[in-house]
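Two complexes, one shared chain (chain A), two partners (chain B, chain C).
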Partner chain A sequence: MIKVENLSKDYLLKKKEPGLSGALKGLIKTEYKTIHAVDNLFFELGEGEIVGFIGPNGAGKSTTIKMMSGILTPTSGSVYIGGEDITKHRKEVVKNIGVVFGQRSQLNWDLRLGESFELLKHIYRIDRADYDNTLDVMDSILGIKELVDKPVRQMSLGQRVKGDLVAAMLHSPKVLFLDEPTIGLDVSSKFALRTFIKEINKIKKTTIILTTHDLGDIQELCERLIIINHGVMMEDGNLSQIIDRIAPYKTLVVEYYDEEAPEHERCELVEHTDNIAKYKFMKKETTAAEIIADLSKQKNIKDVSIEEAGIDDIIKIAYGS
Partner chain B sequence: MKKAFSELSHYMDVTWHVIKMAMMTIIEYPSNIAGWLISNPLQFIMGFAIIKFVVESFGEINGWNYGQLAFLYGISVISHALSMIFFVQGWFMGYYVIYGDFDRYLTRPLGVLYQFFFTNINVFGVTDLIPGILVFIYGCAKCEIKITLLFCIQVIVMLIGATLIRGGLYIFLGSTSFYTRSVVDFGQYTQEIMDKTTMYPISMYPESMQFILTYLIPIGWVSFYPVSSLLGISSGICDGLIVPFVTLLIGLVMMLISGAFFTRGLKKYESAGN
Partner chain C sequence: MRTSIHEEVRREINVKKYIYILKTQLIKSMTYEFSVYGNIFMQTIIMITSAYFWKALYKDRGSVGGVDAESMLTYIIVSSMLSVLLITNVEKRIEMSVKKGTVATDMIRPVNIFGMYFAEDLGGVFALVFQNMLPILIIGTLLIKVPVMVDVSALPLFVIAVLESFMINWLIAALFGMIAFKTGSIDALIQVKKHLIRLLSGSIIPIWFFPAGVSKVLSSLPFVYIYQLPLSIYIGKGERAEYIAGMQIQFWWLVVLTAFFFFVQKKVTRKVMVQGG
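The block that comes next holds the complex of A and B.
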């Protein structure tokens, strides 16, 4: 569905020197520094995939998504959507995409929500039957019809995001781009939004690309993750694969009756305070059950628990590198 | 051919819908209507009163009598109003560039400039149109102009050309924001210059200034040259029936140049971080 080849975006940044003399110098002779915001990305996305772009602020996620949706012109490379290059045939290709960008709304602030939908109906030349049909589907997932007559300026953020999602889906695009869609939403709005994403993915086979900082979004939605940092792709795969690769260990926490903690040959005693000892072991080499069995032969164990490397550890490790 | 026609009817359909939405927005805030209906005509009627005062005190301005000046003033205000209806958004292009508001237009399957101007169409500009038409009719009467078909065509052609020249200028100035990456808020200044160069005969300015207004920034063609030809006043540059059509031609060329400048700038568009 989407093929990204050799995609790069450079920015020229003016070098600024400190102080007034520096500012004056900058006026006469400007030196530029090239920033590689996105550096040579390659990847392919299939129909109906839900892909999460993650990475710290300023990593190049938004720049990538904006190049993929036709907003920014890449310095080099191509983005094929349904076989056509969006950088060359913008007007044609954007018929197949829908876009929701976080805090930015495409709805008309002054009028009832329905008017914004009607305008899109004309812009995308959606015929009445398809339009009504899509609205029915959206209504069954999001309950959008009760909002249609409400002026957008009177909506809560959660309602407005719902409106924006429906607006982006009205023309039934094959690809939906979501840039931080859950930012600032409360728990129930987040839940509604995630349900919506899963449902339209199921019903319409829409390919969905989202950027997020929300671990819940990643866990709930993304079958595939692309981790970007400094404009470079760090990881590409599904969540458990990435966890296995970056953090192939677990931590066993054992509570004893006294302060003495025995060692074990197949794991490492990483922390020991009072009665509690933490053992780190490689998932491939052994199991928690084995270690517990061995340890319990040497000392009486009061309690055990197992800590797995979670998505936040993954992100910490991936961002740190 | 068929494709071009379908494309055109698509744009017309969207335009009509956008105009309906603009009117709905106006109705949504009725108190604004009253404010505009009072302040806009007042502004132009006062401007006209000043001309009347000056002419009555000095007899004429640079050989132009009172009726001729009214004619010129009327044409200037009408083309100003038309450019305000369609192109006023150009004044704020810099803000759209810096705050990333072109994103929305770029992800839709229509021309970016078209969406920028027409989804923000300023139906209120009509309130500027009324005083302009009144003064223009008054000027026609004073100059005892015979209304023929040719005259009507010339006036319409000239107004289209004048509106395109103004619009082209706004697009050009606005597009500089893509290159400078700063907001160029030129609306006020341009308005001042436009008022002073289209409401009065530019022959009253120094020759160097006239040269600039004729060849470099073709504001002279917005009203001075075509009106001179319609009133049979020799401008010394270009006379005859053809002048209104020259205005149209210059308008089209201005649009092409500034459109290309915009398109080139759009490639440098950086959006804005969220």
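The block that comes next holds the complex of A and C.
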């Protein structure tokens, strides 16, 4: 569905020297510094895939999304959507794209939600039947019809984002870009949104690219993860595989009856405070059961628990490198 | 042959979406924008003060520059009404889009953004005809005089001249608005532009009252073709041949500004596409 090849984006940044002399110099001659916002990205997404596109602030996520949706021209490389080069057939390709920016609404502040939808219906030239049908589907998932008579300016953030999502899906795009859709939402709105994303992905086979800083979003929605940092691709793969590769260990926490903690040959005692000892072991080498069995032969164990590397550890590690 | 029919159908549907944008804006302006009523008050003040001004000026004279006091009063009422048609929002619209960063989201849709801005302004003006122009006509009629057209046979010329002045005015506004893509904020510039047009276009004081040199310079700028030309036709100043000659220049200004607009639009769109919105 989407093919990204050699995608790069450079920005020219004015070099500013400090002080008055620097400012004066800048008036006469400006020097530019090249910033590689996105550097040589390669990936391919299939139909109906949900991909988490993550990275720290300023990693180049939004720039990439803008290039993929045709509103930013790449410095080099190309993006194909449904086999069509987006830079060459922009006007045709945008009809297959829906975009939601969590922090900027595309809805018209002064109109009722339904009026905004009608406007989009005309802009995208959607058939009445298709339009009604899509709206019915959206209503069954999000309950959007109770909002259509409400002016957008009077909506809560949760309602507005719902409206934005439906607006982006009205023309049944094949690809949906979601840029931090759950930002600032409460738990129940987040839940509704995630359900919506899952449902439309199932019903409409929409390919979804999701950028987020919310780990819950990723865990709930994404099977595949693409991590970028400084514009460079860090990871691309299955979520659990990435976890296995970046963090191939688990931590066993054992509580004893006294302060003495025995060592074990196949794991490392990483932390020991009072009665609690933490053992880090490789998933490939041994299992928690084995270690517990061995340890319990040496000392009485009061309690055990296992800490697994989660998605947040992965992100921390990936961002740190 | 077949493809050309296809193209025609396509274009017709294409226009439809802009008409819908216009309609939506009309609904929006009718429903929500009460602030526009302030303009009636402002225009009333301008009309009344200019009426006193011209009455005082014409006290001992029958006519100045071939125009008598009565015609001058008509001139100011119609000028106030015309100013309503020439209210544009495109420059503010562009500035807001640049500030809020919504240019990008506007560009994702399969519409030309300037086509969209134009349709929105047109919708806004249609609403203003009822909200502003009619009240100003009524107030002007009651407080000053009935602004009748002297030679009604010139009406088609007047209508065409007004349409062209609307276009020229909009193109100038859009060109000003595009500066926002470069500088970000154009608040002060919008004010400067607004007052420049009001002063240099003869909307308050016709330029035939200016010294010959100044008047000549102003005639070579596009502004007089926005207000003074259609207003002169309305009050019947000069001959038919003069109107036609003026409208020819007006038309050339329209062509030049249109060409310049498309040239700048292309550059600006490319710039946004390269630097991000």
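Structure notes:
In this text, the second predicted complex is superposed on the first by the 321 of 321 C-alpha atoms of A that agree within 3 Å, B and C clash if a C-alpha of one lies under 4 Å from a C-alpha of the other, contacts with A are read in each partner's own complex, and residues count from 1 in each chain.
Assume a residue touches a chain if its C-beta (ideal position, glycine included) is under 8 Å from a C-beta of that chain, and two chains touch if they have at least 3 such contacts.
Not measured: the values here are computed from a predicted model.
Look at chain A after the overlay: chain B and chain C clash there. More residues of chain A lie in contact with B than with the other chain of the pair chain B and chain C. By the touch criterion stated above, A:180 is placed in contact with chain B alone, chain C being left untouched. In the overlay built on the shared chain, the residue A:49 is in contact with neither chain B nor chain C. When the two complexes are overlaid on their common chain A, residue A:217 makes contact with neither chain B nor chain C. Of the two partner chains, chain B and chain C are each touched by A:97. In the superposed model, A:71 makes contact with both chain B and chain C. Comparing the two complexes, residues 11, 66, 69-73, 91, 94-95, 97, 99, 101, 104, 106, 108, 110-111, 115, 118-119, 122-125 of chain A contact chain B in one case and chain C in the other. On chain A, the positions that touch chain B within their shared complex are 11, 58, 62, 66, 69-73, 90-92, 94-95, 97, 99, 101-104, 106, 108, 110-111, 115, 118-119, 122-125, 151, 179-180. Taken in their complex, chain C has these residues touching chain A: 13, 16-17, 20-21, 24, 27-28, 31-33, 100-102, 104-105, 107-111, 270, 272-277.
For chain A in complex with chain C, the residues that touch the partner chain are 11, 63, 66, 69-73, 91, 94-95, 97, 99, 101, 104, 106, 108, 110-111, 115, 118-120, 122-125.
For chain B in complex with chain A, the residues that touch the partner chain are 10, 13-14, 17-18, 21, 24-25, 28-29, 100, 102-104, 106-111, 119, 266-271, 273-274.
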